[in-house]
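Common to both upcoming complexes is subunit A, partnered first by subunit B, then by subunit C.
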Partner chain A sequence: MEMVLAIGIGVFAGSGVWLLLRPRTYQVIIGLSLLSYAVNLFIFSMGRLKIGAPPILSVPGVGDPATMADPTPQALVLTAIVIGFAMTALFLVLLLAARGLTGTDHVNGRED
Partner chain B sequence: MSNGQLLLLALLLPFAGSALAAFLPTHARNAAAFMAGAIAVVGCVLIVLMYGSAERSEPVRLVLEWLPMLGINVSLRLDGLAWLFALLIFGIGALVALYARYYMSAEDPVPRFFSFLLAFMGAMLGVVLSGNLVQLVFFWELTSLFSFLLIGYWHHTAAARDGARMALTVTGAGGLCLLVGVLLIGRIVGSYELDEVLNAGGLIRSSPLYVPVVVLVLLGAFTKSAQFPFHFWLPHAMAAPTPVSAYLHSATMVKAGIFLMTRLWPVLAGTDTWFYLVVPAGLVTLLLGAYAAIFQQDLKGLLAYSTISHLGLITLLLGLGSPLSAVAAIFHTVNHAIFKASLFMAAGIIDHETGTRDLRKLSGLFRYMPITGTLAMVAAASMAGIPLLNGFLSKEMFFAEAVENHTGSLLDDSLPYWATLAGIFSVTYSLRFIIGVFFGPPATDLPRKPHEPPHWMRFPVELLVLICLLIGVVPSFTVGPLLANAARAVIGPDLPYYSLAIWHGVTWALVMSIIAMIGGVLLFLGLRAYLDSGVEGPPLVRELKGQRIFERILVVISWQLARTLERAFGSKRLQPQLRIVVVVALAAAISPLWLRGMVSEGTLPLTAFDPAFALLWAIGAGCAIAAAWQAKFHRFAALVLLGGAGLVSSITFAWLSAPDLALTQLLVEIVTTVLLLLGLRWLPKRIEEPYPTSPPPSVLLRRYTDLAIAVTVGIGIAVISYAVMTRPLGESVSRYFVERAYIGGGGTNVVNVILVDFRGFDTLGEVVVLCLVGLTVYALLRRFRPAPESVGAPEQQRLQDEFDEAAPDRSPGDTVADYLRIPRLVMQWLFPVIATFAVYLFMRGHDLPGGGFAAGITLSIAFIVQYMAAGTRWVEDHLRVLPLRWMGLGLLIASATGAGSWWFGYPFLTTHVRYLDWPIVGKFPVASALMFDLGIFAVVVGATLLMLVALAHQSLRRTRSSRTAEGE
Partner chain C sequence: MVVHSLAEHLVIVPILLPLVVGAAMLLFDERRRQLKMTLSLITVASLLAVAVLLLIGAATIQSDGDATVMVYPLGNWPAPFGIVLVVDRLSALMLVLTAVLGASTLLYSLARWHKAGPRFHTLFLLLLAGLNGAFLTGDLFNLFVFFEVLLAASYGLVLHGSGTARVKAGLHYIPVNLVASSLFLIGVAIIYGVTGTLNMADLARLVPSLNIDERALFETGAAILGVAFLIKAGMWPLCFWLPTTYAAACAPIAAMFAIMTKVGVYVILRLFLLCFGGEAGNSAGFGADWLYYGGMATIAFGGIGVLASQSMLRLAGYSVLVSSGTILAAIGTTNSAVISGALFYLITSTLSISAFFLLIELIERGRDAGADVLAVTMEAYGDGESDDEEDDDEGEVGVAIPATIALLGGAFVACTALLAGLPPLSGFIGKVAMLSALINEAGSISFSHWLLIALMMLTGFATLIAMTRTGIRTLWMPREGTIPRVRAVEAAPIGALLALCVTLTVLGGPAMRYMDATAQLLYWPQEYARDILGIAPAGTVPLRPTLGTEGKP
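For the complex of A and B:
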């Protein structure tokens, strides 16, 4: 499982970076989204992989960290997902505005 | 009021006055001057009242805790030394205020001048009264800032601007060095409190950091006190109005450096390092300043260089390191402040009444202004060190100290000769000042007819000259006790023997004085012809201009270096910049592997391999690669593939025990897809292939480079994450969260408790960011100009309209209205279902997966589904969504919940939990965190809707604009 996830993160990140370096704004926005998936999964994996052990206390009281999934990376990623959405929205609108103003969808603001 | 409070009052008065003066009308010259003078006089009285306390060995103190954990407090401390300086600051400040009233023209915005002057007075007072070193540096930088404003007061002249900027750059940079030095002292001593630092002299001197501390502190002091090689800013600061020069360059600004060296003298002085750093700097400054002063043609220039020279003298004395030389240094500081302030004022009167201060034009003024002339002569004689005046006494002490043996080195042995030479120079330039201005034939080409100034303008000079005489004739009755007090604060309770008498018998010092006087007169007579020829600047060292070097450095740093860096790394193109960012990040990530060797697999037992998971990721990887491949020409396909990748990551979260993440990812995925779909409408299709056959080699090269970078990044992240995942997890803050989530936070969903309780403040910040993005998107779209190609109706709509028009029984729009009719009806009916689901997610969030974020996005999906099903116009006719209010209300609830805990005396965002038995629902936790989560929920709904609706609205706006274009 670890190997599969690691390769998956690598593929997401690689595809994301490739698109990030492309000239068209739409490619960059897709690339950023892929890259955020990769980064979110990467941060999440810092809590190590556990199956069937969600960070929810079954009995009210003191929980045992050894038997539960690590909540800290999950809390970090949860906020990252929401902020990632905000970033995509902002970038999309910038992209549209830039397309209208410059007449091109090249990230440099002109065709060359 | 206690003495400590009086001290605080004395410090705050000038600042309060400064703020007040700033609001006076532009031409309220009298009011502003009166206020400044009154504040200075009151300050004087306050300081004098505290003499009794400062006289005792225990200083007056006032400590107000500010950042106690960092050892930074507002700490005031008045001992003998601070008392003497404070008296000078207020006393000379009062006289300068009176003088400035007459000097400043009624046309100038005089209240602003006094506002700056008072603020500067306060800052300077802060420096001398600080009982804490960090606080001292703070006020030190304030003096730099306010002196910048004062020097640049006549900002319409280039000289004032340049002089002000130069002074600020030099003294401000020195202040930064001082700050580092002070931080090092704090590190050695363990405290920034002056009392503790002064008691830790041995500790500091034996520390390995001693040399850096001395160098940094001296850089601060030397720049401020215009010591060679940083002296060049001072003559340029003469572009300031003369009252400023009289204040800054006699008793205050430049004396801050002297004060600092005196203040830290007990802990830093007395070593060889100190001696060889301070004495040469002081000696060179003393000689160079005096030498250059002789050859100045500008009256204020002459005084400026003489100030530099006297500052060098004091620095030299402090560098010698013997207690007696410290006493002499303090004494000369006071004397110099008094005679130099009166001389600057006299120079200002001459300038004011004749219209020039050029020594080549001035001549024979004595017959027009005999009283001013007499006063200036006495003050200049004091500067030259003539007996019966205060300058003589401290100069005698200096000569005596120069003869004394300190280190036995060549430098030390040669000091008497250098001292005598400096004495000769000072007699020469004093003579030049007096004879050049007041004697000789009457001046012919003066801009104004010279006459005596108004009496009150001359009064400060009269008073200062009187003090010169009093100190000079009866020193032990006037300055004696004050000096002893100040000296005790520096060198301890046991003062060395010294006598302030005028006559000590025939000593070396007296012989040196006599030689200096005779030599000075002879030198003046010898140079007279040369000086009258009107050459500007001193011979031999004329080319040695610190200013030019300074400007050269400024040009190199702020212009050439910036240009070079910009040329090397800057680009107006985003694509290469992004590549640089990625490559730098990659290099930073690889460098540890490079240095420490490759990481290996860890020891943690692997989780059991599941083929289904591998299949899932095969799909995920396929989606990602295909999206990367298709994003250029097939945008819609890329969007679908992106959604696939998002789903895979959502399923992965669910698989690996993160239900909250899975849920949120899924919901966000939906919203993102809708958002990008809305955006695609405004992105004209790309059809043209720029390279029909094959791309040119440069493009191919770029692509392969990027591919290599992307593959390296992918492999690198895969390797690192595998290496981490196979290593056991160390102890982290998670244990605290898991153990305290229920007991402290009242929830069993630990992730949610972290978000709304443990790290609630972060979450608050995050929703604020969300609001800002929402507003930015909204603002950007209000002035949105779509690409011209995309303004017309989209292709599908055109085809549908053509079909409708062709059919006889249809009207345009029917096809759209019929399209997917049943699913649309279902979508409309789903609104209450989705909304209820959102409420459900919200309510259970504290204990089970869900929470404000997920619920907020769900509700916004409920709304956006309506937009998709029924069209923008129908929704807005039937449903009033006010995203801005949702956002505002949400922020208000979240902040108010946080602030509510203040009411009960807890820190911001402290949670209160209680379980209530609700009818029907059952036992249900009511934590204040729930209210906070409600705020988050509302913000998320508002911000998400604001973005989506703003974008969806664009289709309406287009119709309207094209309608107006077609219509009339």
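For the complex of A and C:
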């Protein structure tokens, strides 16, 4: 499972960075999205991978931490997803504005 | 120390107040400008008052000789588990600086810029909320959230007034910062994975006890995190977005952005000294060389940029780089006396750059677009106007410089002295404090320190040359355009910012004492960590923050 996750993160991050370095704004935004997927998975994996372990106490009282998943990274991921989503939306608006104002979708605002 | 009184809740006001007022303003139509203006002015004025109160609180020494660290446990959870807000000397200082810049730039924008686009006041207040939050928080992930709040607001503000130049600058500014945010998250995740905590004070406690494998991973995480902050602080080679963005933003926003790089610097100062300061065991001083040489490269790059700038806005942008480079290099020396000088320099350089950005717009008003480029080109190729000048000479004897220009010129001279670090203003004191600390260091001065001293002198000189050239070309030349009309509400903020620099000069002694104590507290963070984690000095059980006597949650 670790292998699958690691390869997944690697592929996301690799393609994200490659797209980020491309000259078209649409490629940049997709690159940013892929990069944020990679980052979100990475944060998630930092709570250690466990199968079938809920991040909450099933019975009220004191539970055994060994049978539980770490809830903190899951909360962090949730926050990061929301923020990342908002930023993508914001960048999308800018991308359209730039297309309208400069007449090109090059990141420098002119064809080179 | 947990204070149980209403005054305790003062700590959260700098975040809540602008957030709530900013959000509430969304409910009103854009046409109710008068109402929005009044609301923002009241908010910013109260922010300033609260920040000053917190500063006074943080500056008082406890009866047992300890420095005051006000801790505000959000949700009343004890520190390493819950999120805390912390006010110590440094964060209180940064809060005051934010409030001062906020008040003066808001006042300036009321003359006309706030009408240039929708939702200006909301975005501006959200920016203030984000800045205050970043300065107050004692938790790494919370820091990320506040960074995103201030960045989101800044994206909107960069584009305020619209236009192709701003959108183009935004197209670079936003992705760079989004990538920086990704790096931020990766760094935070690694640090959490290794140490299992996100609380900065807890982190400082855990770092010395890490074993060698964990240390390698922790330092990797810290380095990635550091890159994210260095992008924000504008260290070379991560700073190419900065001058263009600052030059594109409208004047009050660029002036407010003078503090944005300082947020990055602030976090580096705080985290570097907490995690890799004198008590970090084997990790002590990790990354210090990177900060030191990176800072020097930034100073050099900024200095060359200042000399090469054709427009005043870019000149100001490169001055921002010089200022962050100087502070980063000072942090890299890991000498608390140098850092205390750098703190003084941070305050005065932020104030003066902010004033300069505001001033530029007034000077540029009424000039032909592109006049700067023309002026520099004429200088380079020798200008053909010498004949005309001789003819005109007699006619111009006794022609007074218009009062507005004289006023702007006076402010320009003050900015020059501040940015170049010339006596008698406070820029000089900051520089001298750093230089004398570098020279008076025990033992002989190392070569690398000589290099820093030389660089600081040279960039000061470069700034002086560039500013003088610009000043002569813009203020002493017979004016082609009309004399700019300057309103009192625009001149007042510049006057206030410069007057603050003068005050800092006059009160240099007390101010430096405050900075010294701040640097000491930063450099030896046990007191800070102990106050936050509620661990009593005798090593007893951690105190749970108890409920207030009034039964407040």
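The working rule: the second predicted complex is superposed on the first by the 112 of 112 C-alpha atoms of A that agree within 3 Å, B and C clash if a C-alpha of one lies under 4 Å from a C-alpha of the other, contacts with A are read in each partner's own complex, and residues count from 1 in each chain.
Just so we're on the same page, contacts are C-beta pairs under 8 Å (C-beta built on N, C-alpha and C of every residue); 3 or more make two chains touch, one makes a residue touch a chain.
These numbers were taken from a predicted model, which means no experiment stands behind them.
Once the two complexes are overlaid on the shared chain, A:62 sits against subunit B while remaining clear of subunit C. Using the contact criterion defined above for the overlaid structures, shared-chain residue A:90 touches subunit B and also reaches subunit C.
Look at A:72: by the touch rule set out above, it reaches both subunit B and subunit C.
When both complexes are overlaid on chain A, the residue A:22 reaches subunit B alone and has no touch with subunit C. In the superposition on chain A, A:101 makes contact with both subunit B and subunit C. By the document's definition of touching, of the two partners only subunit B reaches A:52; subunit C does not. Counted by residues of subunit A touched, the larger count belongs to B, out of subunit B and subunit C. On subunit A, the surface touched by subunit B in one complex and the surface touched by subunit C in the other have residues 20, 28, 42, 46-47, 72, 79, 83, 86-87, 90, 94-95, 97, 101, 107-109 in common.
For subunit C in complex with subunit A, the residues that touch the partner chain are 141, 144-145, 148, 152, 155, 159, 162-164, 167-168, 170-172, 174-175, 178-179, 181-182, 185-186, 188-190, 192-193, 198. Only residues 1-24, 26-31, 33-34, 37-38, 40-42, 44-58, 60-65, 68-72, 74-75, 77-79, 81-90, 92-97, 99-101, 103, 105, 107-109, 112 of subunit A touch subunit B when the two sit together in their complex. Taken in their complex, subunit A has these residues touching subunit C: 20, 25, 28, 32, 35-36, 39, 42-43, 46-47, 72-73, 76, 79-80, 83, 86-87, 90-91, 94-95, 97-98, 101-102, 107-109. Contact residues of subunit B toward subunit A in the complex are 572-575, 578-579, 582, 604, 606-610, 613-614, 617, 620-621, 624-625, 627-628, 631-632, 635, 638-639, 642, 645-646, 648-649, 652-653, 655-661, 664-665, 668, 671-672, 675-676, 679, 682-684, 686, 706-707, 709-711, 713-719, 721-722, 724-726, 729, 732-735, 737-739, 741-743, 748-751, 754-755, 759, 762-763, 766, 769-770, 773-774, 776-777, 780-781, 784-788, 847-849, 853, 857, 940, 943-944, 947, 951.
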